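Reading through the structure tokens given below for one structure.
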Amino acid sequence: MGKIKTIGVLTSGGDAPGMNAAIRAVTRAGICNGFNIKGIYRGFDGLINDEVKPFTTENVSGIIMQGGTILKTARSKEFMTPEGRQKAYETLVKEEIDALVVIGGNGSLTGARDFASEFDFCCIGLPGTIDNDLYGTDSTIGYDTTMNTIVECVDRIRDTAQSHERIFFVEVMGRDAGFLAQNSAIASGAEAAIIPEDSTDVDQLARFMERGIRKSKKSCIVIVSESPKCGALYYAERVRNEFPNYDVRVSILGHLQRGGRPSAHDRILASRTGVGAIEAIMQGQRNVMIGVRNNEVVYVPFSDAIRTDKPLDMKLIKVLDELSI
Amino acid sequence: MGKIKTIGVLTSGGDAPGMNAAIRAVTRAGICNGFNIKGIYRGFDGLINDEVKPFTTENVSGIIMQGGTILKTARSKEFMTPEGRQKAYETLVKEEIDALVVIGGNGSLTGARDFASEFDFCCIGLPGTIDNDLYGTDSTIGYDTTMNTIVECVDRIRDTAQSHERIFFVEVMGRDAGFLAQNSAIASGAEAAIIPEDSTDVDQLARFMERGIRKSKKSCIVIVSESPKCGALYYAERVRNEFPNYDVRVSILGHLQRGGRPSAHDRILASRTGVGAIEAIMQGQRNVMIGVRNNEVVYVPFSDAIRTDKPLDMKLIKVLDELSI
Amino acid sequence: MGKIKTIGVLTSGGDAPGMNAAIRAVTRAGICNGFNIKGIYRGFDGLINDEVKPFTTENVSGIIMQGGTILKTARSKEFMTPEGRQKAYETLVKEEIDALVVIGGNGSLTGARDFASEFDFCCIGLPGTIDNDLYGTDSTIGYDTTMNTIVECVDRIRDTAQSHERIFFVEVMGRDAGFLAQNSAIASGAEAAIIPEDSTDVDQLARFMERGIRKSKKSCIVIVSESPKCGALYYAERVRNEFPNYDVRVSILGHLQRGGRPSAHDRILASRTGVGAIEAIMQGQRNVMIGVRNNEVVYVPFSDAIRTDKPLDMKLIKVLDELSI
Amino acid sequence: MGKIKTIGVLTSGGDAPGMNAAIRAVTRAGICNGFNIKGIYRGFDGLINDEVKPFTTENVSGIIMQGGTILKTARSKEFMTPEGRQKAYETLVKEEIDALVVIGGNGSLTGARDFASEFDFCCIGLPGTIDNDLYGTDSTIGYDTTMNTIVECVDRIRDTAQSHERIFFVEVMGRDAGFLAQNSAIASGAEAAIIPEDSTDVDQLARFMERGIRKSKKSCIVIVSESPKCGALYYAERVRNEFPNYDVRVSILGHLQRGGRPSAHDRILASRTGVGAIEAIMQGQRNVMIGVRNNEVVYVPFSDAIRTDKPLDMKLIKVLDELSI
């Protein structure tokens, strides 16, 4: 492994607000410290297909406040095959890229880890996902913005819920993690959250409806984590069957949760971790994700970052229960 | 018909942002001009069930910026029966209410018109609906706010559409009227709108896809007016079948379109028409809807306001076509 | 005057949200109808200095939601001289521009009018100003967005005013016109507005303070139109002297009123008038401003548009007075 | 000291978004755990003057999304005197309040500490201030919202700065702490921040202007921390004198930084610390501030919380420097 001169940067997986701020930070901190920067388009697919472009500071001008990613993104099936990864490696050689910064979530960093060990290549990860399901960083780039978007939507839905005295089941994203559901329920003053982690309680709905009825509130909001089988539609249907007196509605927030101007928090997180990625490379780090914990930039080995058990703080359930009385 | 001393105010039908500003305006302008004001809860149902409360200026303090309606709202089935309307009339007599201000959309003003003629009662309407489907006013209370909400959501969705190079079908409200779909498509820079009024064109989708393919844009947004049969899901399914190369997604904005802080425009419209309702009563008007046309407060007879053919300006289709090239 | 083949477009004067949407509309509708489009940078200065660039549809892609103007803008002193205008004309000849679309406010359209008559050149105006002080159009591009920005700011300030029980004097823009002040006062539920047009009332402040004290509200908001001598600071000082019991604060909103994502209303207005400019040129119109009145696109001769007496509806003062009780 | 039955809650000092969410959390968690809750109006002044009201869960219904504080707030001069504090104590005795939750910033918690030790009274603090200048908690209630507000304002101002190619000096709050200035500069992509902590560098402006000129950017934004002598007006004047070629403007954001709907982050922080205050009381804690560090609720002794040297991370200056190239 020689001296690193050129750094490639790509975004991968679902887009998250703040990815552009991260691209900007990697590019500018890289150039500022003497590296060449190359932008790789369409995630690992673009690496396979050699969609690579040299970046200057101007390429990332005026993007800090934009949602989405100017590098485009994708979930690459080909990169999951040895042939795909071989092609990707050949692009890196051809483009003389010595290190790769991957901005993405759990799946993308898993891909980066595998690629890094397979080809002994320097990969640095940035936690870019709205799901907050990466271990070792207090939050992920995009999570805070998405939280604000959800809360703003629920504030709007509450106007209608109260005016019509209805129960709303609002479905939010989060994949297998309940961070978005649990915390947006607290932040929006929802009456309950139904989350994947709470598996000990066989019937979260029944528990809530009992409490809800006891309180005799006439309108309420339940936040439901997305789920193939037990999403908002499922619970709404159950309430319609079991409690026919209630006027029940469903709102599935869907893709609007991903976009939008990033919050101040996410822009700063993206800026600090982007600068941190360049520093890590300069310090000879490799195969780590850059995170922020307790207001400090930290390096988290890939295998720690992507472990599946980032725990949801169960005390938050108590917070929600006490505050929705 | 004696002198009017007490005015009742209610909201009816789907809630719309700005209804609270209208309640405030009716209440304060009424009190300011020497009337007693009584708030009637839950629309015509509350009139039937005597859910009535005297209002002072304090009752409407701090509500101008709130979405929804502090008076609650409902779609009353009982009011559609002669018995229901009789009970409603008895409440008015009992509560000594001499005139009624109804804030609502097409269905609510139709109810007000029928009630007014049946009992020779002074009813004044305010155009409170996000659908903009009332004739005689440049816009309805709530329409502008909902337009801004939709456009904000589509701006967010576009971030994802562009980052992933997808086609999004975004479904918006509007009942039988395409105002929201057509105009939000123009305002959000969408590539097409599919609206109920455009019935001459048997296949709006095919027309758009041809143009879209010709342009070879890789991502695009199509706004679809809600419809039981031909909503966003229907068109997405068709594209998936007929153009399998595209990555197609659906977003149904749903109830979040109704709520939220009203825009400046809607607060002013609500304030002016609310003051106008009191003026109309003082001038002996009855059975008119208060609107604003060309920046002037106007009185629109109920039968004109609720006629079903408020036309969508077909020139707007040309605007959208020319600007989405 | 031969057939028009190439159209130049520029923005001039203070920037206004929606200017980009207007540039996009002129460009795309122009190209769609067979014209060449050239963008002129930095207003009339850029015309004098030949800062001109051919525009394609891509040049205006993704700008509909951006505040400011990608063409930059300036207030040109040189264009006020005959020599400056001569140079500007020479640029047009050299660049083979046959018609000019000027997006700007009162001063810019006055310049366009003078230039058009001096050189017998086809100029079309679009009403781009936050001040709403152009005659013949229901509103100007940028006015609605600025109204929403002001109202959002005042909503925030009210939180503090109520929490601390203070009087706030909030100064807003508007040049010599009170549209922004008067209407934002209504929309924000302010207790009073002090506007330049209300010259009959020698002492708007005293009138308000009497009413305010009578009502014994403990916090209140007064919107003040900007003015070299009698701005918010002036009135705050007077209250401090004359009513020392009150806790008085000032907030001068300043330049943040100009920027930001344009509202749905302004994007549509910009789109319709931009398309209208191209239609007007095709119909042989010249020296008109394109406006929208009563939901219809209209052509307003420059001299009408810039006349100084666009009246503020004095009934609005009554609306504010009645609703702030 | 007997068993605690009744808990009083008050807000003090400058208002901050999220204070209402904190009042709600203290009230509901208190009631949920068997305490009586009493709301004290107008901060320590209200304690002195016995402005106290029993609170039920309904008193705090619908306030989680509201800026400001329903309990009002003030900076009490009388509470700084022994006589004032004695009266305050007498109110507590009379109202049978056994513990006091004080929501406020540095000054308010200093007052609480002194009062607690003087009368051996159980006081618990919540960090309610936009300034983020309390030690022991990752952030204070209100700071995140204010950061978002500032960044939104600067995004708007940038539209104008770029359109007109100007230098803007934007002054933000923060008292003696540069958190808001430094971090909002990073988040808004500003070219520089001028902060009180950076005292080693005698001339932050000169350093920036050199770099700025070297980069030959035509527009730029400098965030300036509020300061009696060296605020935005001071630096703008200097640039006008020393670099007369630049078009310089000033924007003082002022009080609008305080209000507005709290962000998701601040609502959660307020909810968790509010619940934490009740838990602390139940555990026999006293004279501690409840904070959140590294996603965990922590108890911080008052004397630690209010020590004056909460350090600004000087690495952030490097982040800003590298990213503004």
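The first chain written gets the first letter, and so on, giving A, B, C and D; residue counts start at 1 in each chain.
By our rule, contacts are C-beta pairs under 8 Å (C-beta built on N, C-alpha and C of every residue); 3 or more make two chains touch, one makes a residue touch a chain.
Just so it is clear, the structure is predicted and the values come from calculations on it, not from any experiment.
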Any chain in contact with subunit A as well as subunit B: none
Distance-maximising chain from subunit C - centres being C-alpha averages: A
Rounded Å distance between subunit C and subunit D, as computed from the means of their C-alpha atoms: 36
Separation of mean Cα positions, subunit D and subunit A [Å, integer]: 28
Centre distance in Å when subunit A and subunit C are each reduced to the mean of their C-alpha atoms: 40
Contacts with 2+ other chains: residues of subunit C: 155
Partner subunit C, residues of subunit B touching it in the complex: 24-25, 28-29, 31-33, 57, 62, 64-65, 138, 144, 147-148, 150-151, 155, 183-184, 186-189, 261, 263-265, 267-268, 271-272, 274-275, 293-295, 297, 313, 315-316, 318-319, 322-323, 325
Parts of subunit C lying in touch with subunit D, wherever the complex brings them together: 11, 15, 17, 19, 66-69, 72-74, 149, 153, 155-160, 162-165, 168, 249-256, 258-260
